[in-house]
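Here's the structure, in structure tokens; my notes come after.
Note that the chains take the letters A, B, C, D, E and F in the order they are written out, and that residue 1 is the start of every chain.
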Amino acid sequence: MISSSRTQDNSLRPVTMKRNCIMHAEGSCLISCGNTKVLCTASVEDKVPPFLRGSGKGWVTAEYALLPRSTAVRVPRDSVKGRINGRSQEIQRLIGRSLRAAVDLEALGERCITLDCDVLQADGGTRTASITGAYVALVDALRWLRGTGAFEKLPLRSQVAAVSVGKVDGRLLLDLCYDEDSSAEVDFNVVMNGHGDFVEVQGTGEGGVFSRAEMNGMLDLAASGISELMEAQWTTLDWHDEEAW
Amino acid sequence: MISSSRTQDNSLRPVTMKRNCIMHAEGSCLISCGNTKVLCTASVEDKVPPFLRGSGKGWVTAEYALLPRSTAVRVPRDSVKGRINGRSQEIQRLIGRSLRAAVDLEALGERCITLDCDVLQADGGTRTASITGAYVALVDALRWLRGTGAFEKLPLRSQVAAVSVGKVDGRLLLDLCYDEDSSAEVDFNVVMNGHGDFVEVQGTGEGGVFSRAEMNGMLDLAASGISELMEAQWTTLDWHDEEAW
Amino acid sequence: MISSSRTQDNSLRPVTMKRNCIMHAEGSCLISCGNTKVLCTASVEDKVPPFLRGSGKGWVTAEYALLPRSTAVRVPRDSVKGRINGRSQEIQRLIGRSLRAAVDLEALGERCITLDCDVLQADGGTRTASITGAYVALVDALRWLRGTGAFEKLPLRSQVAAVSVGKVDGRLLLDLCYDEDSSAEVDFNVVMNGHGDFVEVQGTGEGGVFSRAEMNGMLDLAASGISELMEAQWTTLDWHDEEAW
Amino acid sequence: MISSSRTQDNSLRPVTMKRNCIMHAEGSCLISCGNTKVLCTASVEDKVPPFLRGSGKGWVTAEYALLPRSTAVRVPRDSVKGRINGRSQEIQRLIGRSLRAAVDLEALGERCITLDCDVLQADGGTRTASITGAYVALVDALRWLRGTGAFEKLPLRSQVAAVSVGKVDGRLLLDLCYDEDSSAEVDFNVVMNGHGDFVEVQGTGEGGVFSRAEMNGMLDLAASGISELMEAQWTTLDWHDEEAW
Amino acid sequence: MISSSRTQDNSLRPVTMKRNCIMHAEGSCLISCGNTKVLCTASVEDKVPPFLRGSGKGWVTAEYALLPRSTAVRVPRDSVKGRINGRSQEIQRLIGRSLRAAVDLEALGERCITLDCDVLQADGGTRTASITGAYVALVDALRWLRGTGAFEKLPLRSQVAAVSVGKVDGRLLLDLCYDEDSSAEVDFNVVMNGHGDFVEVQGTGEGGVFSRAEMNGMLDLAASGISELMEAQWTTLDWHDEEAW
Amino acid sequence: MISSSRTQDNSLRPVTMKRNCIMHAEGSCLISCGNTKVLCTASVEDKVPPFLRGSGKGWVTAEYALLPRSTAVRVPRDSVKGRINGRSQEIQRLIGRSLRAAVDLEALGERCITLDCDVLQADGGTRTASITGAYVALVDALRWLRGTGAFEKLPLRSQVAAVSVGKVDGRLLLDLCYDEDSSAEVDFNVVMNGHGDFVEVQGTGEGGVFSRAEMNGMLDLAASGISELMEAQWTTLDWHDEEAW
């Protein structure tokens, strides 16, 4: 049995990604990071949001939801409450921004790709797992579009992956599970691209605060974790550099 | 590779059920019927709906939803539209009624079990697969409750499973896939218990109508399919009759 | 005074239908089945739902609601709760399907007929009374359309009516009133057409289950009740067979 | 056939009121004013809104809705749109205030009476017909409460009725039908009590404006119409002054 | 410091209006009446509601809301509750009707002006202050439109302002503050135009009732208060009669 | 006239804060940062959210909204759309977290302080201005509570303020106005406490990405801006260190 826990403070939890797991979607990936499991699908539509109509530019957007029993205590469905909860909205906006950073929207053309990230089992890091898995689904959807003759070269600007880091009892930890996350004094979600630049950095110190030095320590940890996740994406996608850059 | 299609008009599509697939739920089952895949979880709560408070009786209820890309064309989330669509409501009410028929609510005691049926991939028969899979999750949740000392004998009245049948181009078919279902003149969903009685029969002839004779033919087909599904439930659950009856 | 109760297990409650009771509607019928009173109106619009635009085909749909004090205990309005409750949705979907079975949608042409069934007083069997009364309103709306030159022959495929049957204390009863319905072990709603075929059969055994033999007994009862209701529709509509078939 | 129109500028349209028309309600009245028909029911509940709990005082509130096809063009249900429209809210607040003026809320005791006014057919003056009809339903609900021993004398402060008046093409008209109302330059809704005092006056001049003299002319017309309506209430209720004052 | 209270029963509370206080709006006015402060903005859009499309006529509409802590006890936001409360809807409909009376909608042309009235601090009379302040914002928006060449003469039919009056402990008072308003037996909101005609009169006697004589006394008070408010509008707007009439 | 623009890349726009501007609120502050104006109120309630009941701990939460015409193009109210938009939810969650970092929730006791941040005029940096202004309102609400005897020493852990920084055309700019913000390649919102530690860092590079070096440059700029804002808070609040720490 594969362990679901990290072996060291600076190592990732075991990661697996399964491509093409949903028959209808143009791209799909079931990602596991430790016990966290997220089903990511990419859906291609030939229409864009109103603000882009006629612009020739495409769009990438995301939706995120927890299945009711993905969590230790069952959470009511948003549909029952009649509105998307604030946390989910915040997360799906982050996923959308992060994946848009991966795509050349002009080269994509007037199309929309929707990334649905549905958490089947939650144990910390669901938003960063969503970003990492959605990237795989996105690339397969772009390959599908290439297959239809939409373009010759995949309209990718860069690879994108994400991980969480935190300070727990004064220790800096990579890829927090739920128990670690809920006792963390500081919690960072870091999204990077394949050139080692940052796409998004969100650091929160609700229970505590953090110094510049601690922040630097956490960003170092994140960079090493993301580099490992990118290799896993590469392998899963059976990637050839000439596909895009 | 396992085929996803029926070998004969009167045979089921290949069925698999995977128990205990979600770590947080008291019971869970991932059921596949052909290409249809539904994740069923059972959640136990120590409170009942207002109309049962103080009655000593328990309750079993269900929620049903399609993941956005479980279908050929992406369906918007109910949470985005702010309400549960009519079809989902109708289905989750059917699932709830069917599983309540399996349980002795008095012996369950003042507890509520919620069965969440989330369709990961849809190819016809999602509501009947939900019922058949939810039964497995339900039994495991009852075993979990027994483990906590809630009761000695599982409060089950009977086994419950369901299947669809239909008339397509004049032929009676068992366990329709989506393409068959959408061209069916008549569509039946049949829920039965382990004693060969009916729990629910819903027959609809929107494109056509049906005679008593055709109805009898379809119910015969359903009964044979349900009997096979019950054996699969038995095996999956590693069942011993002395557990309940 | 007309009695509101059945004289025998296999007889209908007293039925009355009043046509053209609402001045603005293209068709309308106030139907009473025992103490149950439903106001049915048919509204013609020159537009169809998006999925039919440009198809040349028409549509028939239904909405169903209880007035707040149609019931023994006042029910809050759906508008106050901000959503249609599940039971009403399920019922209005059934009414819509049943009446579509009565109409040749191609011959109707690209028009929509909405059947509003508002329960003024509820005493069991509101969904089947809605179907039976809505058929009368529908025919009058089709006659109104014929008067405008939309077609020469009414685009009807068949007559449609509905009734409930149930098993109460082991007895099979036709056309249940509320008290009988709430103590029934099995409850069937049966919709048939004028050729003696079934349009829809919904049988539910929440409190109990039912055998094939019992089902057959209930369907026999339903068939005889529906035949009587169809005569009443005929008389109310002052029908001439050459109008449609 | 009874005409639905006024014989003179200063006469009411034909008025009828039918009491006890809904079996479940503690009070009910189907009122017709010309072609306008409103079903008013009064429902008694043994609880009051939060701001009155423990005060010993009661409450009277109202809800108003148009049935979808009460109007010339079908109006969508508020439940479908997920919210009560502004016009209905404004009207039901007016009905509630007007009927509260009729009741001694202290003597009513900690109970709530809900007046549901559902318009079956609309031809102008639906809000004033609702007030006039709801008064009848309210009195019968109070009599029902007296029958249960809640009080000995009906807790009524006064009789209440309402009518509309307007200026159409420079002429002052009583009790406008829809066609008159929609071409009116000025539209007044007037609610009075049995002592000739005003409970509510709402005058609107969207298309035009009005002088003090015109206002006085309209209030005179209203007073005479209301006096006639009060007699009709009296007769309908078979009223004896010693019941309350 | 300027006092926030009336010096006599028949005098207004101190009034101030500040024009052009919001940089983005085509017109804006921050009005204070005693402690009541309302921010009114006028927004011009080149589209009209569906019922006016292609008619060549324009539209004026209003929205009204209380900031959560404009009141003594914090009120929840409508957005949190998911619907506009009834009182706000009623008020914004009144504001819209009143300001439409000020404008020649034909001469405005196919444009919509939305008047947003947001109450920053509430101390009685917020709806009448909204009307009086919105008039100032509206005129500046029309001047802005004139500057774009939309028309040469401002499409105004008349000046419009509003005030409340009431009967408190038997005394007739002009321009009630919150404490007076909540203990008033009768409460009038009066909207007049610059020719001394009434645009809207709404008188409510929930706690009490009122005679014709009392009504006349209140309308006299209102007329004198409105005349004073119109002078203040004139001064604020630096008005020249040749601008419109 | 005070200029609304920055004099240098590393200087703040002109800042003003006006305390006690809303009579009903326990604390209030109207903050201007350049042309951005936010009205912040603090409301004290003697109850806490369910998850804190009986814990003895208090809570601080925030709500954020744009007035419809605070922006260049009018934005529809959330109440009209029936739900809070995602951006507002994300911002109000950020404000809440930031201000909770300022307060010792145990010492606050079982009370809730709600910070309402309503943007009257928007020109970039509304979320950071909200945090900076809300801190002032919060401190005054705590002083008000101290006045009621709730505690002797203000339950503050630290001062909190926030500012935005960005990279525009390769230049690092402090305190972006709307035009700068919308053309920024990278946008940081930084919240710090009075000890120079970070409370929250949110950096987004939708149009671009950023290196560690650029991030450090932006954090330096933010730290200097926040230090200046803290002095302004100090002066506005007329602060004495012995009040809390």
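In this section, a contact is a pair of C-beta atoms (placed from the backbone, for glycine too) under 8 Å apart; a residue touches a chain by one contact, two chains touch by 3 or more.
Source: prediction; values computed, not measured.
Using the mean of the Cα atoms as each chain's centre, the chain most removed from chain B is E. When the contact pairs of E-F are set against those of C-D, D-E or A-F, over half line up by residue number only for C-D. Taking each chain's centre as the average of its CA atoms, chain B and chain E sit 59 Å apart. Chain centres here are Cα averages; for chain B and chain F they lie 51 Å apart.
Across the assembly, chain E contributes residues 82-84 that each touch 2 or more other chains.
Taken as a contact graph, with one node per protein chain and an edge wherever two chains touch, the assembly forms a single closed ring in which every chain touches exactly two others. Beginning the circuit at chain A and passing next to chain F, one meets the chains as A, F, E, D, C, B, using touch as defined. By the touch criterion stated above, chain A contacts chain B in their complex at residues 22-25, 28, 35, 39, 41, 43, 45, 63, 65, 67-72, 74, 77-84, 114, 116, 118, 120-123.
Across the interface of their complex, chain C is touched by residues 83-84, 86-87, 89-90, 92-93, 97, 100-101, 158, 193, 195-206, 209-212, 215-216, 219 of chain B.
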